[in-house]
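The block underneath contains the structure these notes are about, expressed in structure tokens.
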Amino acid sequence: MRIGLVGLGRMGFNMRERLRRAGHEVIGYDRDPQVRDVSGLRELVAELSGPRLVWLMVPAGDPTRQTVAELAELLSPGDLIIEGGNSRYTDDQEHAKLLAEHGVGYLDCGVSGGVWGLEVGYGLMVGGDAELVERAMPIFDALRPEGPREEGFAHAGGVGAGHYAKMVHNGIEYGLMQAYAEGFELLDASDVVTDVPAVLKAWSRGTVVRSWLLDLLIKALDSDPELDDLRGYVEDSGEGRWTVQEAINHAVPAPVISAALFARFASRQPDSPAMRAVAALRNQFGGHAVQQAGPSSGTGQVSDGS
Amino acid sequence: MRIGLVGLGRMGFNMRERLRRAGHEVIGYDRDPQVRDVSGLRELVAELSGPRLVWLMVPAGDPTRQTVAELAELLSPGDLIIEGGNSRYTDDQEHAKLLAEHGVGYLDCGVSGGVWGLEVGYGLMVGGDAELVERAMPIFDALRPEGPREEGFAHAGGVGAGHYAKMVHNGIEYGLMQAYAEGFELLDASDVVTDVPAVLKAWSRGTVVRSWLLDLLIKALDSDPELDDLRGYVEDSGEGRWTVQEAINHAVPAPVISAALFARFASRQPDSPAMRAVAALRNQFGGHAVQQAGPSSGTGQVSDGS
Amino acid sequence: MRIGLVGLGRMGFNMRERLRRAGHEVIGYDRDPQVRDVSGLRELVAELSGPRLVWLMVPAGDPTRQTVAELAELLSPGDLIIEGGNSRYTDDQEHAKLLAEHGVGYLDCGVSGGVWGLEVGYGLMVGGDAELVERAMPIFDALRPEGPREEGFAHAGGVGAGHYAKMVHNGIEYGLMQAYAEGFELLDASDVVTDVPAVLKAWSRGTVVRSWLLDLLIKALDSDPELDDLRGYVEDSGEGRWTVQEAINHAVPAPVISAALFARFASRQPDSPAMRAVAALRNQFGGHAVQQAGPSSGTGQVSDGS
Amino acid sequence: MRIGLVGLGRMGFNMRERLRRAGHEVIGYDRDPQVRDVSGLRELVAELSGPRLVWLMVPAGDPTRQTVAELAELLSPGDLIIEGGNSRYTDDQEHAKLLAEHGVGYLDCGVSGGVWGLEVGYGLMVGGDAELVERAMPIFDALRPEGPREEGFAHAGGVGAGHYAKMVHNGIEYGLMQAYAEGFELLDASDVVTDVPAVLKAWSRGTVVRSWLLDLLIKALDSDPELDDLRGYVEDSGEGRWTVQEAINHAVPAPVISAALFARFASRQPDSPAMRAVAALRNQFGGHAVQQAGPSSGTGQVSDGS
């Protein structure tokens, strides 16, 4: 097939390559002249013939919204846009509505796999009409991993379902990462376990906790056994936040995913206002004098809370 | 009454004063010669006549254990020890057993109130035999706040019940403090609330969240409206830990108390090994190149988890 | 002063009474003919003379939005609406904008105190212009508890700040309630503490955890010492949810408040889909036969996770 | 090699089979006459010649302790016991000490893999002296999965390190399971995702969350797409509890693992005392009348917390 691809960052760049290896013709556009095939959206559209297929891989939020709006003007009835970025599923519903007014179809596609996707393939979750999904299937088949289609691709539901599924995927991912991380720290803190990387590596096969994320952690420890080259400072993207907010909207308890999210927030605070408040309260128990006081020299004590 | 008091730190020193104001004769012993009335436990015992009453106010763990063991040798059948420190309730059961072999009675008493107790009185939770509780009641009445006895004193059950109740009291306290602290941080982060101390002060009367802890936080903000003089570094004492461990032993869910405890642990970590592991995993998604990379210049993206 | 009051439910009804006791003239409107003074908003407005003051006490969301919209048409430039319900602070900003187009002023006021407010007074947190706050001060003074104004009233900031503060107040409240609740359950589970209500009552004075909420819990235990008359099923209102969502928006860790919220969600689930998934996973470890199997008769074992 | 194996439950039975397939001679003992090769520990020891090797696979706690004590009397200096069950690592240290007095060696070995281990092999984590580990290596090699030794086997440290590593493994497992479970529930609650099993299946390849546990969940959904045949009631074994208690001992924050543990506790409560306490508090806000009251008929409201 011939397809337009907007956004050639780390993800889009590799996806173009994987599609081409599968024999598809890809016209790529990016703001960066170094990587693009055409110089603008108009040129990209001109290179395609109807019914056109344009895949978006630009940052979620305003950049995606703006690209959808521009393409709505450039595309023709019967064309199809696939939003493969990380849009919030409610945005998808607005995109679909806008494009429907121009007779342009819309699918949302959650894409997982990171830089490994080029070789391994990408896990795909798609939302939208079955007929449109069918039309784009050669593209999905090229992007997804080899093996049975249903093990790397799902038609999850109507518009938004693909990104909803991806949102939940990322929320789960936060929880999984934090679970391994807490275990790592506890092994690290132990007096009896003397070879932490060896223990994690031994979990690679046969154990209940074996996973691709575990393999990645083992890999990281291979080159940096104490993870000393890194700081414990972790960003979060929108999807973890949306997962918890959506859980709240549905009254679904999400203690693990939210704990993982909050651990990231806390990791970025050089000093926590909340913990200053707790420290202030503890000082108040002990009286103002406590603030300057060193350890008591007597046998007496004041516990916190006594 | 005449009573021996071992341990004249911040708590014990004030308790001696409060007991004396109530007309009791207190013989105090401490390692610190500046504050003590007698020079040793032997001297303290000699100053009392049977049946003796000795109150312990020394640090929990080995110091208390050792003091109990020494007193077991010095006291006589019919004497009574009240452990007013922060012993774990299982320690109380061992202390009582040891002393029973010497015919010496034992009560455990959880004491709450901090430096404010001298003026306001101390909340007391006692474990042990009813007869012994009755014998020591004049002391409890002097220490507890004015008002109906049951509003500042409870006979909670057999040996250990007093410290068990105190342990839970402190666990709750951790949760309460953290709840206010999170609220404080969220107010502080807000764009619309411009006078955080005023909001907290306005909660003093009439609101659902009014409490003594809130009053203390307001007091702290009075002198330091941004809590800038403090670091968000918070110690914990044994009781918060014991509360969660005991909850686990009883299969009681304790998500709030444990979250408060973990927030304190995290506050003391200059860098978190767990979060280094999460950071390492995120780097692995994006490939090794990500570690040095600045923000992407293209319109493309790699989300975490994509 | 003369004031219109829309909404005479449990809160509004009592507030009318408290305002009248303070000497204000209150014209109350409610859908319920039994409690209202006038039969419609138009009649209510007619009973007031400019500049008018109308206090809203209707359910948050659509009912409040609709009432604001109707009053926008009925009121005159220079009039003032105070939204005393539980609107989300972002709604306030929309209300204020709409009313500004009609020259009508707007204040949002978070009100805390429940049914006790009639006698004790209500804690008030107000957002909006200082000039408007000043105009309504006689009303605020009548509603707030006696004592220094700043201990029951705060001008928290611009429009929305009052309800933002109330939102955080309620989030904190969730955390406080859950902390006491976990402690209660742990005392209840204990073998050594034999008189749980006595322990809670003893915390009334002198202790660190004393509070109005504790007093309410003691009151509840007075009439139902095991809380047997109740089910552990707890609703939540919008504010707890908003607090966590707002915390996420500001990257503020809120482990305690979110844990309290999730505990309420879980309390309402007769059966948890998530825990069915965990049960399904455990069954898979043990093989399909496990589902029907009773306890093993051998000395051997399969642990979960082995 | 020739080896004695005590405990032929689900795990031990399969391990005997796997060892025999690898060519080892296994003498198995169990209380159950149907599955055992010899009728008692004495007979088992008699069938082996020194230096003997005996693998234990009996329930943790007293059964293991008792078996170790009996074997201490029956074995000879130079013999070796491998504890392959789920002992707490502190128990291992006591076992090793006791056996050392008899000149008998001791290794602790955490074993992961469940019923799948027979075919796939078991992940092994071993604690104890390197010399003893070397002696038992043919057995470890037979039990572990095929592939590089270090991907299914680790010598984690001294005595106790194997079970410490297994404890952490299981703690992580709790977190992983709960993360998937929360995601499952959120997908299930969604209006837009209409095919939840398809989404999970699509995560099998290429995605960040792919894992063996995910494969098991997909398998479970294959035969029961709504998990309707199960109740959301989940047991826990000692290791999850120990992990959190150990984290507390080391001041390691473990919000995710503890949240997963508490979710299991809560899943087993038909009614939660803690949530009854929260419900009681909410009733107190609204006054006693609230308990019987249905929904208010007026337009007014009382929010929780107001």
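Order of writing sets the labels: A, B, C and D. Residues in every chain begin at 1.
We take it that contacts are C-beta pairs under 8 Å (C-beta built on N, C-alpha and C of every residue); 3 or more make two chains touch, one makes a residue touch a chain.
Computed from a prediction, not measured in an experiment: that's the story for all the values here.
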| item | value |
| --- | --- |
| Longest centre-to-centre distance from chain D, chain (CA-based) | C |
| Proportion of interface numbers common to chain A and chain B (over half same, under half different) | same |
| Chain B-chain C separation of Cα centroids, rounded to whole Å | 30 |
| Intercentroid distance (Cα basis), chain D paired with chain C, Å | 42 |
| Sequence positions of chain B contacting 2 or more other chains | 112-114, 169-170, 173-174, 178, 180, 182, 185, 189, 208, 213, 236, 252-255, 259, 262-263, 266, 269, 272, 274, 285, 305-306 |
| Residues on chain C engaged by chain A in the complex (per definition of touch) | 208, 236, 241, 244-245, 248-249, 251-255, 258-259, 261-263, 265-266, 268-269, 272, 274, 285, 305-306 |
| In the complex, chain B residues that touch chain A | 6-13, 30-32, 35, 57-60, 63, 85-86, 111-116, 169-170, 173-174, 177-178, 180-182, 184-185, 188-189, 213, 216-217, 219-221, 224, 227, 229-237, 239-240, 255, 259, 263-264, 266-267, 269, 271-287, 290-291, 296-306 |
| Chain C - residues contacting chain B, complex | 89, 112-114, 117, 120-125, 127, 144-145, 147, 150-161, 164-165, 168-176, 178-180, 182-183, 185-187, 189-190, 192-195, 198-199, 201-214, 243, 246-247, 250, 252-257, 259-260, 262-263 |
